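Chain nomenclature is as follows: A, B, C and D, assigned in order of appearance, with residue numbering initiated at 1 for each chain independently.
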Amino acid sequence: MTEPDHGLSFPTSLGTSTADEIRLLGQDLTADLMGQVGFGELAFWLVALRRPTPGETRVFEAVLVALADHGFTPTAIAARLTYLSAPDSLQGALAAGLLGGGSRFLGVTEDCGAFLHEALQRHEGDLPTDDAGWDALALEVVAEAKAAKRYVPGLGHPVHKVQDPRTPVLIGIAAEEGLRGPHLRLFEAIGRVHEQVLGRRLPLNGAGVCGAALADLGLPVELLRGFALLARAAGLLGQLAEERRRPIGMDTYLTVDRHAVYVDPT
Amino acid sequence: MTEPDHGLSFPTSLGTSTADEIRLLGQDLTADLMGQVGFGELAFWLVALRRPTPGETRVFEAVLVALADHGFTPTAIAARLTYLSAPDSLQGALAAGLLGGGSRFLGVTEDCGAFLHEALQRHEGDLPTDDAGWDALALEVVAEAKAAKRYVPGLGHPVHKVQDPRTPVLIGIAAEEGLRGPHLRLFEAIGRVHEQVLGRRLPLNGAGVCGAALADLGLPVELLRGFALLARAAGLLGQLAEERRRPIGMDTYLTVDRHAVYVDPT
Amino acid sequence: MTEPDHGLSFPTSLGTSTADEIRLLGQDLTADLMGQVGFGELAFWLVALRRPTPGETRVFEAVLVALADHGFTPTAIAARLTYLSAPDSLQGALAAGLLGGGSRFLGVTEDCGAFLHEALQRHEGDLPTDDAGWDALALEVVAEAKAAKRYVPGLGHPVHKVQDPRTPVLIGIAAEEGLRGPHLRLFEAIGRVHEQVLGRRLPLNGAGVCGAALADLGLPVELLRGFALLARAAGLLGQLAEERRRPIGMDTYLTVDRHAVYVDPT
Amino acid sequence: MTEPDHGLSFPTSLGTSTADEIRLLGQDLTADLMGQVGFGELAFWLVALRRPTPGETRVFEAVLVALADHGFTPTAIAARLTYLSAPDSLQGALAAGLLGGGSRFLGVTEDCGAFLHEALQRHEGDLPTDDAGWDALALEVVAEAKAAKRYVPGLGHPVHKVQDPRTPVLIGIAAEEGLRGPHLRLFEAIGRVHEQVLGRRLPLNGAGVCGAALADLGLPVELLRGFALLARAAGLLGQLAEERRRPIGMDTYLTVDRHAVYVDPT
């Protein structure tokens, strides 16, 4: 490859650079961003292509803080075991941990945001204005989900069986910042009414409320899982730092290996 | 597995939870952290096990902002191509992008921090107090590296051949916050004196100054690559959001595939 | 962790070892497997828990050979770019390449096998005995898919627009080995009749016929993607070996980067 | 991107295709390879760019069989935990397992092959012709490694403390096929003499003998880890198939999580 081909063109609004200047999002990286913009703020901006307000940043970072680490999750353990096997490749251990960020343990944030978003889009132009209205809409939405044998994401938690402590706190922060929007309103209403349809009372979980809050910030619902992954990247770094200081990977491996029991496959 | 085995014990200082409460780093997640602590602040805390000061947070976030996105890097392109092939797995595309965070394109931050750290440890208890002293130490360090045929990390940049604009800005931010410590001082001195040893003048690059600044914050040098990866995770989310809006993955693939030329292996 | 906990038990039929012996699948690894069993044969056995016959091995390996490498695919390019960035971590480059093995570029094998399997299960106990019967069933299946607005996997190919050369060859090999079973029969019938329903003639593609053949071997349809990934692992090794000998990663990166065009996001 | 740029050129000796034909390694995929060439044979060919002889194929596949699965290794557990968290992404679980294929648990094959290769290159043109000669060379090589405080790869095993059963079997297979070359000869000699230098007798381990055998096949020593990864890909498929049938991921996670003990970080 020698000369540029003027027929080729790869458009971007993100980073570009010349010998003297680095630009990002149309800003001068060193004059406008470094030291002036927080990391969470930049992460929001990179996806939404607009700088969040201070209130939006506070809600957004509260979500990232809420999702960063949940202790010895399967993904944290997978990252630590990978680091044990390949300590020369921190990026591999981090990637292994993130690869567990799929449908079951990290997908609720996205599923919940998308579920609420879809329901709101179906009723666009006709959204409720008070709690009674939201309750009516929530009833309809939960009943539709039940009829279609779809599960309602964001309901229930294996540990926090009565209330997930993150839920009221995140709603409170969003309210303080004037950002308790339709996704959160509908999610709260689902929390009030789902028992009438489903026959049992489940808590609104933290992963779900995070999805609702992110959707209210106007972030694209197809990428909400990405923010959970970003939050988890910080948590996994903490897990790997701890694995260096006080390892549990070898004990985890030996615990499983020493209790292996051979089962005849036939 | 039914009953807990009281002989097993997996220690952690990170996340734990009960039915009512979620704790992280010894704090109550909802009362002490959400809405009170920024995301960058938490990331620092998770690794260092201490809450950074506001000045430390500013320097730390300036580093993350500096490293978040560099446009169409090999890792950004790899993430976009992976997303093109497997759009159902955002975590896979993000992981693919991070896997390029190895020795060549993302390793300079860690290599530079570690190089400086090691030099400072060899002279512990005898560190310079003025620029002349730092220059003398830098001369010694660069000469030793040359003699050992080791390269000095943090010198030179393929695009910013005279000066990397990030370098003076990050040093300035660290100075404003009273955090221009020995790693940065030594790095600056290397910038002043290396020409005497190596015979040509190279700029101090941005990845290197980020490593020096992180090391001055007291973060473990063996994990500095991890912060570059965290920063890059945000940048990759931006890249993947853009790939959804204005894709370049298919054109990249077709550009390569259509210009494939078969070469007889024999 | 000191003593084993007799309450814990992790069952497996795969590898176990003692000081003197290594067992795998209930066999003595060194006496029964090494030098006696081919690698493809073992891969089949590891998933199916039974040793394939020579005929099954031949069909199975023909599938793996068919899927191993397709030149400069997005996944091959992603692996090479990752190797360029992190040459110290071959496992990372290989993993990055495999992560593109998702729904779009590598999923057809599994989707096709699963689609055929489901159709056959719905008509279990009532399967056709001649081509006319298979055609009737295929008509029904394609019409149902069209009515449900589902796509029929295995039809069409961006390059092989008339016929995919792998399709008749793999069917021929299966026939030679007496392994042209119901999945392949139904797939062939879909090839004959789909035009009546869909209004245009599409070729049966190679990824699809591979899925049909694997399903006829009795392999679990939920894991068919795994065999495509195994095949691709060999292809990616070839790509990475070539990247060492005659690299294209840097040129790919530079081609994209040099043709980057900044687009104002607002 | 519209028209090809004739200045661009991406050379390859691997897969290419036209509307009618798929070529791989200069062969017609369907006429020359499918049904004619085994999968292991093709994997060798893809890296070495030459078709292995039947004897080479037998040794090569014996190595892959030896390395495919070792039961509940850290990488197998990491893959299973990732599958538990993200069952929708088999490629992610497989990739997570391979990411543990680094220096500690899977690197010995490559390290050993490279160590032997380097020693042989230093004595090229002057290689021993009998066991006494190999012993003398081995003594020199082990003494040099000790003097340089380098470890000798391929010595010792945590479980097979006296003899690794794979070692004599693989040497035997190589001898049967006339492929017991200089890497294996030197490795065997190291097994005989190292005690004189290191002061204790260690077994030649299976990962090491596999590296020696692969190097004797003329495969590039910088890529030997890649064959271990390919072998492991088959083993991981077996582990994931078993995780579907008889899961241990959830129990592993719960075992760790339920025995978490909070440690004050200060």
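Just so it is clear, a residue touches a chain if its C-beta (ideal position, glycine included) is under 8 Å from a C-beta of that chain, and two chains touch if they have at least 3 such contacts.
Because the structure is a prediction, the values reported are computed rather than measured.
Centroid distances from chain D, each centroid being the mean of CA atoms, peak for A. The interface holding more C-beta pairs in contact, when B-C is weighed against A-C, is B-C.
One finds 37 Å separating the Cα centroids of chain B and chain C. In this assembly, the C-alpha centroid of chain A lies 31 Å from the C-alpha centroid of chain C. Residues of chain C in contact with at least two other chains: 1, 5, 8-13, 16, 71-72, 86, 88-89, 91-92, 95-96, 99-102, 106, 246, 248, 251-252, 255-257, 260, 263. Against chain C, the residues of chain B that register as touching in their complex are 1-3, 5, 7-9, 71-75, 77-78, 81-82, 84-89, 92-93, 95-96, 99-107, 246, 248-249, 252-253, 255-257, 260, 263.
Put simply, chain A touches chain C in their complex at residues 1, 4-5, 8-13, 16, 23, 25-26, 49-50, 86, 88-89, 91-92, 95, 99, 251, 254-266. Contacts from chain D toward chain C in the complex involve residues 8, 10-22, 24, 29-31, 33-35, 37-40, 42-43, 46-47, 58, 61-62, 64-66, 68-72, 89-92, 94-96, 98-102, 106, 159-163, 165-166, 169-170, 173, 176, 206, 220, 222-223, 225-227, 229-231, 233-235, 237-242, 244, 246, 248, 251-252, 255.
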